[in-house]
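Quick one: structure below, then a few questions.
Letters A, B, C and D mark the chains in the order given here, with residues in each chain numbered from 1 onward.
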Amino acid sequence: MSIFSNEELRNYVEEAKKVAKNGQVATYIPELGKANPLDLAIAIHYPDGNFVSAGEINKKFTLQSISKVISLALVLMDRGYDYVFERVGMEPTGDPFNSIAKLETMKPAKPLNPMINAGALVVTSMIKGSSTEERLGRLLNFIKLLANNDTVDYSETVAKSEYDTAFLNRALCYFLKQHNIITEDTETLMELYTKQCAIEMTCLDLAKIGLVFAMDGVDPIKHKQILPRDVARICKTFMVTCGMYNASGEFAIKVGIPAKSGVAGGIMGSLPGKCGIGIFGPALDDKGNSIAGMKLLHLLSKNYKLSIF
Amino acid sequence: MSIFSNEELRNYVEEAKKVAKNGQVATYIPELGKANPLDLAIAIHYPDGNFVSAGEINKKFTLQSISKVISLALVLMDRGYDYVFERVGMEPTGDPFNSIAKLETMKPAKPLNPMINAGALVVTSMIKGSSTEERLGRLLNFIKLLANNDTVDYSETVAKSEYDTAFLNRALCYFLKQHNIITEDTETLMELYTKQCAIEMTCLDLAKIGLVFAMDGVDPIKHKQILPRDVARICKTFMVTCGMYNASGEFAIKVGIPAKSGVAGGIMGSLPGKCGIGIFGPALDDKGNSIAGMKLLHLLSKNYKLSIF
Amino acid sequence: MSIFSNEELRNYVEEAKKVAKNGQVATYIPELGKANPLDLAIAIHYPDGNFVSAGEINKKFTLQSISKVISLALVLMDRGYDYVFERVGMEPTGDPFNSIAKLETMKPAKPLNPMINAGALVVTSMIKGSSTEERLGRLLNFIKLLANNDTVDYSETVAKSEYDTAFLNRALCYFLKQHNIITEDTETLMELYTKQCAIEMTCLDLAKIGLVFAMDGVDPIKHKQILPRDVARICKTFMVTCGMYNASGEFAIKVGIPAKSGVAGGIMGSLPGKCGIGIFGPALDDKGNSIAGMKLLHLLSKNYKLSIF
Amino acid sequence: MSIFSNEELRNYVEEAKKVAKNGQVATYIPELGKANPLDLAIAIHYPDGNFVSAGEINKKFTLQSISKVISLALVLMDRGYDYVFERVGMEPTGDPFNSIAKLETMKPAKPLNPMINAGALVVTSMIKGSSTEERLGRLLNFIKLLANNDTVDYSETVAKSEYDTAFLNRALCYFLKQHNIITEDTETLMELYTKQCAIEMTCLDLAKIGLVFAMDGVDPIKHKQILPRDVARICKTFMVTCGMYNASGEFAIKVGIPAKSGVAGGIMGSLPGKCGIGIFGPALDDKGNSIAGMKLLHLLSKNYKLSIF
């Protein structure tokens, strides 16, 4: 029932790896600059519990923007559809993920969607809990459940590195505070948000999480509904319309798999009803997506006709 | 093998029709202002040749922006993927469909995607042919083939009405001429474009066209590949990421069916592998989409779990 | 040598006061909301030491944006022309004074001019001194010298009120920190900036400061050059091109006097070689300028042909 | 009573000419590309009828954007203050002179000022007359009167060259037609506008025109009021706030003389009560102003303290 064998996958990884040298690791979060740009790993997790993998699959990486999908799922469960979408929109945008300009021209100043930084900050501010520890703990527990891995944690070093340099995210926070979209203390939110972004795992963990979204919220191995079907559907939809920064449209055309990327080089894919995909390739293209990871997904989608369209 | 019976469909149409009074017919093209805002019609065409329908199904309406998908398909066949996407982008935008501002901030001034007016004008300018008549004839023949209806034609009255008032589209044209994205004469292009937008048909014709896109470019009744599978896939992808003006993201979340709307009140839907949908409801919401048509699709998608996500 | 008598001035104040009811006191800094919207006071200070005045001339008000001109003068003396204008531009803008959008489209992200908030924050960050106290003390001493009044101080209540609610200014700060235009700690800068804005005085004090700028930096009473002629000239130029928020162009046309307004309702005018003007009228128009103060200056300029153009 | 001797002026011209090689002649209007980039000429006209000059003073050049000031003066006389400023604003802008983006965000879509292209097109559309010939004739007659030179005419070659390539101006026109700010036929307006821009003269003619504005609308040689004092004042104010494209703010700081430039390399200066200045130097800086002309004015203003501020 697997789409690929490990052998096939290895060949595609070798092929995709060739473009890694054309990308660059993220440096705006200093700690991310230490990654090896030539790494490339993939794991594909099937509903029957089997998985295939290739490349440096034991390397851990931080979720960064991939966490936006997961925090959205948690917040939709915490707060409900109406509450969430009163505070963040559903529309893709042609602007960069960290843009502030559009907020100023929108009335009200509601972020366009939860996948850009402004929207993700609003989402994180909606995570329930009486303290930062409790809120982060709830998010981590949710992720452990999704990944079926109790050892998942965040990297203190990366969280600290991002916290110290997140001036643009603070600018977005304060802008949203001005407009009452965010009401909590900025530094509290920045602490929670940077720790969320710094949650780390392997590509197999990520593939497992992608699988739950692919299977409408069900963990097919434990036969357990982890999140409501509607929440899984909403998240997959955002992955298509705005999951790959402002290359989302091109990715939907070329690859057509619901996916979310992060600047540490991770990509989580969710092929509805079929499989979850986890990729790690830290060299990024100019839009902030893993350059070799994109190539690898393009090759797989093209050769195995994986597009949902 | 049909999803719905005529009876069921009729009930949903009655239910959806209630919101029509909250919308307004388009008036910026004077001729469109004459439609009855309370009309609502739907046809669903299945691969086995059967169809169901309800409402004022014999009323004809002009395609308007729905034609953007079809001209894109033709141009992809005429010019190939690379040529087309050197001239128009693939990214959704948070701006209105007729916005010019973003073009100014983009380097180069390439329109973000073929579903906004700027991009559609570029696409239409790529339709091959030695004269306006020949180019329009080629587009019409392609549409007749897709709809399996040789009587499809454009409305001279609507084309004229739009041609006389299309100042904003002329502004976009000239802006794109300045940047060498469009090179042909503006008035020639405006003539071709407004006639393209004024092509008219019933919702059953439109459902039939939607079916061909749904079936990967194959007319399932004639068992004939009308357009390449990749072209059908690309078009469906754009329908999801930018088919419903700047309510595309919300539509993808709430409905999840690849669809394209037009300001005459038409919506074409293409449910991959399943069916084509044609809707006509001229009362529009504030984004320019058929208000009752959106409601109808929302009801159907929710109750029959039609979302592709 | 005076242009007006007290009597004349009183009549113009009565006339201008009639429009005060059409304006509103600023409420975004809560403490400012307590002012009496019907107040209107003016003082005109001549080089020979005489002055005329009318209205509630003993009421104190905070400088708010008027302080931007004075901090610019100090910083030009502290750092020199080149250093300052490498970090802030000279161009007027059609955007609101607190806009952030333009910063994003500019490369580099240098604020367009020192009269908008982004630029003023950069200017304040350049005030020399080893502590906030020392920097504020230097600015206060400079203002005491300009006003020839040793009792000038800032309002702790207003400073605190503004500090607590200055989310948008913090957003601007962090955006500028991201781009290395501002390098100091945001909260330190916010403390200094809000205290600068909260410096308070009467309209006669303000007229005296305006006089020094009008007289090319010379205090004509003490016959002392307080600031270099070039600095006075630069400040007056900015007062014309961007002194009255985004009504500066209209004000230059209708009034033609170099002037700077603040949201507490103050306006400082500097008529080159002739006089300094101080106005206080807390009811604001929709651009943030004293509505009765604008009317008063319009009447005076029109009837006495005061425009420099 | 002259400020400079011919001898002095010659030295400044030699000095300023050195930077000409760092500029480039305009090429977007093909005909302008034929100018000699190393030319630099200046004439200064005094109220007593005397003038000084230096450089290639016999070369003719087209007014281009300088004509915007003159058409504004005519239209203010034709239509009155209220009529004009209901259709065009008074505010400077940080955007380029040919920008269209701001129009889209403004409600209503009124151009910010008459010195940017959008505003100038609106102004030209307000020139009275029953035919293009009559309207152009009225403008030409007004200019002949101002220059005291009956031989002034427009260059058919330059007008044609600009008409053929003015795509961006057509885009602006159509955008403004969409919003009912311009109501006349676009091609008619383009013909009138490009001929207006192509009016040509020497720098002495231009200095004479500048003198009339400097003397509050009076031709001091003929002792005749050519335009109302208020119209002259309004025009000079716009020259300061938006006369030098988006280097107007910097020019006001550095030079401080009301002035208007054109892309053919001309600059008209009006020093209130003192003199008119005409400059021709076709090599432009990156903002579209004569690079050597700017340098020359900077040298003169600095050494003779000509700033009005």
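The definition used in the following text is that a contact is a pair of C-beta atoms (placed from the backbone, for glycine too) under 8 Å apart; a residue touches a chain by one contact, two chains touch by 3 or more.
Quantities reported herein were computed from a predicted structural model and do not represent experimental measurements.
S.K.: What chains do chain A and chain B have as common neighbours?
M.R.: In this structure, no chain contacts chain B and also chain A.
S.K.: Take the average of all CA coordinates in chain A, do the same for chain C, and state the distance between these two points in whole angstrom.
M.R.: That pair's centroid distance is 47 Å.
S.K.: Centroid from C-alpha atoms only, then distance chain B to chain C, rounded to Å. What do you get?
M.R.: Taking the mean C-alpha position of each chain, the two centres sit 55 Å apart.
S.K.: Give, as an integer number of Å, the spacing between the C-alpha centres of chain D and chain C.
M.R.: That gives a centre separation of 32 Å.
S.K.: Counting only residues that touch at least two other chains, what does the list for chain D look like?
M.R.: 105
S.K.: Judged by the touch rule stated earlier, which pairs of chains are there in contact?
M.R.: Listed by label, chains in contact pair as A-B, A-C, B-D, C-D.
S.K.: Under the stated contact criterion, what part of chain C meets chain A in this complex?
M.R.: 99-101, 104-105, 167-168, 170-175, 177-178, 186
S.K.: Considering only the defined contacts, which chain D positions touch chain C in the complex?
M.R.: On the chain D side, the touching residues are 89-95, 102, 112-113, 233-234, 236-238, 240-242, 246-250, 252-253, 256, 258, 272, 307-309.
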